[in-house]
Amino acid sequence: MSYLIIDGVSKSFGTFQALNEVSLNVARGQIHAILGENGAGKTTLMNILYGLYRPDKGQIFLDGEHLFLDSPADAIKHGIGMIHQNFMLVNSLTVAENIILGLGQGLKRIDFAAQHERIQTMSSEFGLEVDPGAPVWTLPMGIRQRVEILKALYRNASVLILDEPTSVLAPGEIDAFLEGLKKLQNAGRTILFITHKLEEVMKVANRVTVMRQGCVSDELEANKTSPRELARKMVGREVAIRIHHRSREPGARRLQLQDLVVLNDRGIKAVDGLTLDVCAGEIHGICGVDGNGQRELGETVAGLRPLISGAISIDGMEVGNQSVKERQRLGLGFVPEDRQGTALVLDYSIATNMALRAFDRSPASRHGILNLGQIAQDALRLMQRYDVRARSPQQPVRFLSGGNQQKVVLAREIDARPNILIVMQACKGLDVGAIEFVQNTLVDLKMAGVAILYVSTELEHVLEVADRVSVLYRGRIAATLPIAQADNEHLSELMSGISTEVAA
Amino acid sequence: MKARLIQVAYAGRSIWAVLTALLCASVLFVIAGADPIQAYVTLFGEAFFDYFGFGATVVKFSPILLAGLAVALPLKAGLFNVGGEGQIYMGALFCTIAALFLPFLHPAIHLPLCIAAGALGGAFWAFIAGWLKAYRGINEVIVTLLLNYVGINLVSYAAGGPLMEEGAPYPYSPEVPTALHLPYILPPTDAHAGAPAGLVLALCLALLMRYTTFGFAMTIVGNNAQAARYAGISVEHQILYAMSLGGALAGLAGAFEILGLKYRLFHMFSAGYGFDGIVVAFIASANLAFLPIAALFLAGLRAGAQLMQRAVGVDSTIVDAIQGLVVMFVAASLALRFSDSRWGRAAAQRRADEALAGSKELKHG
Amino acid sequence: MVEWLDASLITDMLRSSLRLMIPIGYAAMGGVLCERSGVYNMGLEGMLLAGAFGGALGTFLTGSPMGGLLVGILLGMSGAIALGVLAVLFSVNQIVCGIAINLVVIGLTAFFARLIFGLDATTQTLPGFSAMAIPLLSQIPIVGPVLFNQDPLVYLMYAVCPFLYWLLYRSEFGLQIRATGENPAAADTAGVPVFRIRFMCVLLSGALAGIGGAYIVLSQVFVFTEHMSAGKGFIALAAIILGRWDPIGSVMASWFFGFCEALQLRLQFANPEVPYQFFTALPYVASILALIGVYGRFKPPAAVGIPYRRESKA
C-alpha cells in the first residue's frame, strides 16, 4: 500500500530535460534511498516534492490525496519536510528559536520555557539529542543537522526528505546519523534520502531507486541487491565519443603531492593524507564520487586554498607557500571546477577572459598598460584554434554555451604553455561535441609533453584519456592503476569504498 | 534592431530620471505660484549660460566632481565609500598644515607638496576603513560613515585651536601664503584651477581603469573576487588601493577648496560635498566618463539656486528638493536593470540558443 | 573641581543630556529594528526632519500638540514608505535611497515651511508639550528631576524602549525580524514573509523617527526651522552601532551622545584645556573601537544592506 506516489513526473529547464517520466512508490514507514550520479535528477525530483519547483507533467499523491504543491509552505502543510544539504539555519539564533521560527503568532509572547520542554521531549522521543538553548553557531555539523530534522518533525512532518545528508558530516558523525534514521523510522516516519554513497544505502535503506540522466534506471529492494550491481546501474552509459587515445613514454616527474591534508569550507578534512605524482607527457586521471575531496585537492594545488600539512612540489621545488601567481610562473595551469564562478568573469568579454591570468605580462600588457588590440587579436586567434563559437571576441562570455565557455578557459590555460595542467571536471555540462573536442585537446597536450592531472567524477571520461588512473576516496588515493588494468567494475567499487584491495 | 534601441534607451535611463524629477519638481514651482518654465530657464540659464553664473557653477564643480570620483573609484572594486566628507576635511587639514608650516620652500615645490599632502590626508583616512575591511572583514560603509564625524571634529578642533588665527572671531586658520593660491581660470569669478584639474584627473582615472593592469585588477575584484584570486590578484591589496585612491581624491577636493577658494581652513567648510559625491556617482552609474557631466549638473543646480530665487521668487531650498527627487528617480531607474527585464532575458536566451545551435553543428557535421 | 560635585549641577547635566538624546534615541530605536531586519536606514535624518515638520504643521493646523505628534508620525512614515518601496521592493541600494530621502525632505520641508508658515515662521511659537512632574518619584534626589520631571514624549520612550526589547526578543515578530536580518534565505524557507517583515520594520522606524522629530519641535524649541534635525539622524546611526543593534543598548548609546553634547555645550563657555571636540568625537571613536572588537565583538546583522532576491523557482 503506497503512501507516497510520484507518477510520471517530467521537468525541463529551457532545453535541458532534467526529469523524464519519473515514477516512484514509497510505502509508509519506509527508508527509501534515491541513488544516482550528479546531474541524474535526484535533487530536482525532491525539489518538486518539496514545492520548490512545479513539474511540467505528472502528479504526486500522498496517502491517497492528490497534491498540488506551490511552495514549501504547502509541502509543510501536508507533512512533507526537507532537510537541505546546506542547512537553512540562522546561526546567531538558538536551537529552539530556529525550530519555532515561522510558527508563532505576531505579537504573542513566546513561552520559551514551554518550547524548550517540548523540544526536549521531542528530541528524546526521536533520539536526536539537542540543547534547545544553545546558539546554533556553537554547534558542530552533526548537531545542526539534528536541529534541521527537528524543525521538520516539529511541523509534524510525516515524510522527511534528506538531500545528501552525510556530505556535511565528519566521518565520526555518520554512523550516529544513520542510527538516528532508523529511530525515526521506528517512530513511524517515512524517509527519502538522496545520496550517491552506496555503503549508506546498504546500511539503512529498505528500497533503492537508481536514477540516471533524468530517468529511473531501476528500483529494487536494498537487501536483494549488491553494491556492485548498484554501482553498475548508476554509472553505465553508452559510449558515443571517438577519442584518439595515444600513448607515449612519460617523462620526468613534474608534480609531486605528498601526504597532503586540506580542510574544506566547514573545517573538516577533505583531503586526508594524499600522495600522488604526475609525469610529463602523461594524463594521470583521478576518478571518484563527488565530495571525496576533488575540489579541495584542485584548489590547494592551484594555490587557492591553504594546505594544513604535506607538500606540493613542482619540478622538485616546494611550492606549498607560494601564491597563485608564483605557481603560474613555475608553469602550473589550472582549469577550475566552477567554470562560471571562478574560471570566468561572466560579464566580461571573451577577449578579456582569455587574458584573465596573463594580463599583467607581455604581450597582453607592457609596463602596466593593457594592449587591448593585442588582447583582441590573441583572443581571435585562440577562438579560431579552439573553435569557440561566438560572434566576436567582444561578446560577453555570459552568452556562450557551456561548451564554448569551457573552450575559452582551456584556450587560455593552454596558451600560457603550462608544464603542468590541473583540469577539474573538464566535461561538466558539455554536450557531446564539446566533450570530444576537450578530450582530444587534452590528449594532444599530453603528447606535447605536458603533465596533466585530470580530475573528474565521470568515470567514463577519465578512462577515455588517462594513462594512469587513481581512485580518490575519502580524501586519499585508494588505488592507482595503469589504464590497461583499469576496469569499470573494479574502479566503481573502489570509488564507492566497497573494495579496498589494490589490484596488482 | 528593436532590441538595440531598447538597450540604448535603458542606458540613458539616468537622463530620463533627471527629466522626470524636473517635471515633478515643476509642480512645486506651480504651488509656489511661479512659472516652472521660467524658473528652469533662469536656473539653468544662470548656471550655465551666464558668465558669472557659470563661474559659480565651476567653483562648486571642483569639489563635487572629486567627491564623486572618490565614491566611484572604490565602487569599481565593490567598495562603498561613504566617508567622502571626512576625507575632504582631512585632506584640507593636511594641506593647510603643509601650507602654513613650510613657508621656506619655493612655491614650485611647495604647491605640489600641499596638494600631495591633501591627497595623503584623505588617503590616510580612507585607508583606515580599507584596512579594517580587507583584514578584519569590517563593513566599510559603517567605518567610513563614523570616520566622517571624527574627521570633521578633528578639523574643527584644529581650526579653533592650534591652527586658529590670532584674534579671529570665528574658528579659522591664518591665510595660506598667496604664492600657493590656485590660479583663477575665469576672472573675475572665483572659478579656480581645481576644476580643470579635477577634469583632467577624471579623464586620467577613466583611462587608468580601462587601459592599465592596475585598473583591470581592481575591476575584477569588484566583479568577482573569487575569479580575481584565481587570476593571481591579491584581493586585500586591491581593497587597500581602491580605498586609498578614493580617499586621496576626496582629500584633493578638500585641498583645492583651501588653495583655490577659501585660502583658510574653516571649521565646517564643506557644504556636504561628500554626500553630493555619492549622489553624483550614482547618477552617473559609476561610469567615470559621465561623472563630470553629472557633477556639472549638480553644481549648476546648486549655483543657479540663489540666482533663481531672486529672479522667480521661489526659495532656493527648492533646489534641495529637486536634487532629492533626481536622486530618487535615478535610484528607482536603477531598479529597472536591463539584464533582469523581459527584454534583457529574451535577448540573452536568443544568444544562448544561437551559440548552442552553433556547437550542435559540429556534432552532426 | 568641587563645583562638579554640586548635586544641582549634576542633575542639570543629566537632565539636559536626557532631553538632548530623545530625538536620537527614537531614531536609533527605529534604526535598530530596521537594521535588524536587514535594511540600512540612512534616511533617518530625513524622517526625523519630516517628523519635526509634521509636528509643527499638525500643531499649527489643529492647535494641539497631539495633532502635531500624529502628523509628525505620518510624515516620518511617508519617508519610510519611499525607502521601503525602493530598497525593499525594488532592491535599489539602501544607502542611496536613504540619502535621496534626506535630500527630498530637507528641500520639501524648507519649501513648504516658507509657504505655510511664512517668512516670520521663526518668531511665532507653537503650543507644545511641557514637563509634567510625576508626584513622589520626581522628588528623589538627582534621579527624580532627571527622569520623572519630563514631558510626555520622554515618558513615552520609557515605555517604548522596553516594549521594543520585548518585541525583538520575546515575540514571534521579533524572532522573524532577527532571522530576516541574519539569514533571509533560511527565514524564507521557514515561511517568514521576508519582504513584509522588512517593510514593516522600515515603516516602524519612520514612525519612531517621526516621534523623535516631533519632539524637537513640540518639546524643545516650539518652532520649525530649516534643517533643524542637524545631523541627529546620522548620530542615531552611530548610536545603533555603539548600542550593539539592540533597543536598550542604542538608547543608552544615545544618552552617551546626549551627555557628550551637553558636556560640550557647557565646555564651550568654560574654556577648558580639553577641547569640546573631544567630546563630540568621542562616541564615534567608541563606535569604531567597538566594531574592531576592542570592547567586545559587535557584529552587524549578517544580511544588512544586501537586498534579498529569492532563487528563481522555475
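We just call them A, B and C in the order they show up, numbering each chain from 1.
The working rule: contacts are C-beta pairs under 8 Å (C-beta built on N, C-alpha and C of every residue); 3 or more make two chains touch, one makes a residue touch a chain.
Keep in mind that what you see is a predicted model, and the values were worked out from it rather than measured.
Traced through touching neighbours, the fewest hops from chain B to chain C number 1. A count of contacting C-beta pairs for A-C and for A-B identifies A-B as the more extensively joined pair.
A comparison of C-alpha centroids places B closest to the centre of the full protein. Relative to chain B, the most remote chain by averaged C-alpha coordinates is A. Chain B and chain C have Cα centroids lying 28 Å from one another.
For the pair chain A and chain C, the distance between mean C-alpha positions equals 48 Å. Separating the centre of chain A from that of chain B, both taken as means of CA atoms, is a distance of 45 Å.
Residue positions of chain B in touch with at least two other chains are not found. Multi-chain contact residues of chain A (touching two or more other chains) are absent. Counting only residues that touch two or more partner chains, chain C has none. Of all residues in chain C, those touching chain B in their complex are 40, 82, 86, 90-93, 95-97, 99-108, 110-111, 114-115, 226, 234, 237-238, 241, 275, 277-278, 280-281, 284-285, 287-288, 291-293, 300, 305. Within the complex, the chain C residues that touch chain A are 166-167, 170-173, 175-176, 178-179, 182-183, 185-187, 189-192, 302, 313-314. Remark: chain B residues 28, 31-32, 80, 82, 132, 136, 138-139, 141-143, 145-147, 149-150, 153-154, 156-157, 160-161, 275, 278-279, 282, 314-315, 317-325, 327-328, 331-332, 334-335 touch chain C in the complex. Of all residues in chain A, only 14-15, 302, 304, 323-325, 328, 334, 336, 338, 341-348, 356-357, 359-360, 365, 368-370, 372, 387, 389-390, 395, 398-401, 403-404, 431-434, 437 touch chain B in the complex they form.
Contacts from chain A toward chain C in the complex involve residues 11, 13, 52-54, 72-73, 76, 84, 87-93, 97, 100-110, 112, 151.
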